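A single structure is presented below for examination.
First chain written, first letter: the chains are A, B, C and D, and each begins at residue 1.
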Amino acid sequence: MTPERDSRPSAFRWPVRVYYEDTDAGGIVYYANYLKFMERARTEWLRAMGVDVNEWALRTGQGFVVRSAHLNFIKPGYLGDELLVSVEPTVQKKASVTVFQRVSNGSEALCEGEIRLAFVELKTMRPRALPEFMI
Amino acid sequence: MTPERDSRPSAFRWPVRVYYEDTDAGGIVYYANYLKFMERARTEWLRAMGVDVNEWALRTGQGFVVRSAHLNFIKPGYLGDELLVSVEPTVQKKASVTVFQRVSNGSEALCEGEIRLAFVELKTMRPRALPEFMI
Amino acid sequence: MTPERDSRPSAFRWPVRVYYEDTDAGGIVYYANYLKFMERARTEWLRAMGVDVNEWALRTGQGFVVRSAHLNFIKPGYLGDELLVSVEPTVQKKASVTVFQRVSNGSEALCEGEIRLAFVELKTMRPRALPEFMI
Amino acid sequence: MTPERDSRPSAFRWPVRVYYEDTDAGGIVYYANYLKFMERARTEWLRAMGVDVNEWALRTGQGFVVRSAHLNFIKPGYLGDELLVSVEPTVQKKASVTVFQRVSNGSEALCEGEIRLAFVELKTMRPRALPEFMI
């Protein structure tokens, strides 16, 4: 996970403001909340491709589930920060996609993660081939 | 909402420990989290009456929804505090029940609330008569 | 809390998208999260008046704390909804202000609340006169 | 991360009940909340060693920060589940410790993670040698 990784102009980015709800008594963004920020950005990344995750799930019974998340916490985020969360697909398989995500404050990376998403039949959790819009 | 209100031995009480996840950058328990603590206590209060909320909903399609919450924030809670959350029914109607709840640290009340719960058909949100175990 | 209350053009409004993090197993927005949405809107309302809550607290040692919240839960919100959260001051006293807030989906009110904010010395929690920008 | 890993009797375990607040509209435990559960267990693991994290931080200005988290999401958790969260130190260095954590429902692992904790001077975030009680 190198700093160059999402510097490509192609990486999708989504802004997130840090409110009290996101922080903890250490005065910083609570570590689990980076996973919330990353999911917001992934949802908006799919929406930017014309896909409403919820509508898709209701219509097809299929959707993404997170299989793994490898997170590095690099620097703390603070109340009031306006962060950017990137999404960049790195590995694509038949029924899953891995995305690299970075939460940054200006030029500083606060948290980086590799998130593996499996595409599944939501009722049975059985793997399904990635939909067209992902390929 | 007077201090005497849940001093009755009959009031159900449930312990809640304050972790980092519950606090904010002000160094205190984040205000919305008292609603989480109160719901935990209500769930355990029903469990103590022999009712598993989730199993009940799946079996009967009926359950409680919160209609209103009147909260007073009296004193802050802090990281590491071991709090007690009480539940005490105050008003019972045909299809709803109001409970008084207090979150305390020892003898000090931190947050008090009156929560009105309607009993409904979960799919339609139509009111239903309170189940036997509530009467 | 009538529907007309924040229909005034003067009411501040802030958009909030509903993500998975905001919902619960009932398939709807978890009730405590309306307090999060309301705080986001209050923060942005103050920012629109030129006040950064966090910077203000650090510089002056003073800030708002929530003293009470009276919430009515009217209709459920759902995953993917784009909500609007209004802020409208209703009662102003020497050291506190009450705001009426509504979370709506289009023309439908989902949750309404009256939130009383006290202005305090943050270390001692002693009341302080409202700052100029609030008057 | 094999199933045998925390089957050792020595592994610390902490129970966590799944409430509405922990679930999402998919009907399952929201993925970020496993990090909350893991932190609760780590806090109680330290408390079982006689260390109150908060009191320690206030007294010494030192404490743990999470540097990385590698999580595998294996099976979903559901509303009402009573889970067990284990903590087992795996790698110990001069200024950091890695713990393996598993969230299980009975004999089924739901989520496993390796969490690297650095011991730091909290103001400067500079590494400090692990305290005696960790060695």
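Convention: a residue touches a chain if its C-beta (ideal position, glycine included) is under 8 Å from a C-beta of that chain, and two chains touch if they have at least 3 such contacts.
All values derive from a computational prediction rather than experimental measurement.
Colleague: When every step has to jump to a touching chain, what is the lowest number of steps that links chain B to chain D?
Modeller: The least step count works out to 1.
Colleague: Tell me which of C-D and A-D has more C-beta pairs in contact.
Modeller: Here the pair linked by more C-beta pairs in contact is A-D.
Colleague: Just give me the whole-number Å value for how far the CA centre of chain C lies from that of chain D.
Modeller: Whole-Å distance between the two chain centres: 34.
Colleague: I'd like the Å distance between the centres of chain A and chain D, where a centre is the mean of that chain's Cα atoms.
Modeller: Chain centres of chain A and chain D, defined by C-alpha means, are spaced 22 Å apart.
Colleague: By residue number and range, which residues of chain A touch two or more other chains?
Modeller: Expected reply: 20-21, 25-26, 32, 36, 39, 54, 78-79.
Colleague: Pick one for the touching-chains graph, please: line, ring, star, complete, other.
Modeller: Shape of the chain contacts: complete, all pairs touching.
Colleague: In their complex, what parts of chain C are in touch with chain B?
Modeller: Residues in contact with chain B: 25-26, 31-33, 35-36, 39, 54, 65-73, 76, 122, 125.
Colleague: What residues of chain A sit close enough to touch chain C in their complex?
Modeller: Counting only chain A, the residues touching chain C are 17, 19-21, 36, 39-40, 43, 52-55, 78-80.
Colleague: Which stretch or stretches of chain A touch chain B in the complex?
Modeller: By the definition above, chain A touches chain B via 20-21, 23-28, 30, 32, 78-79.
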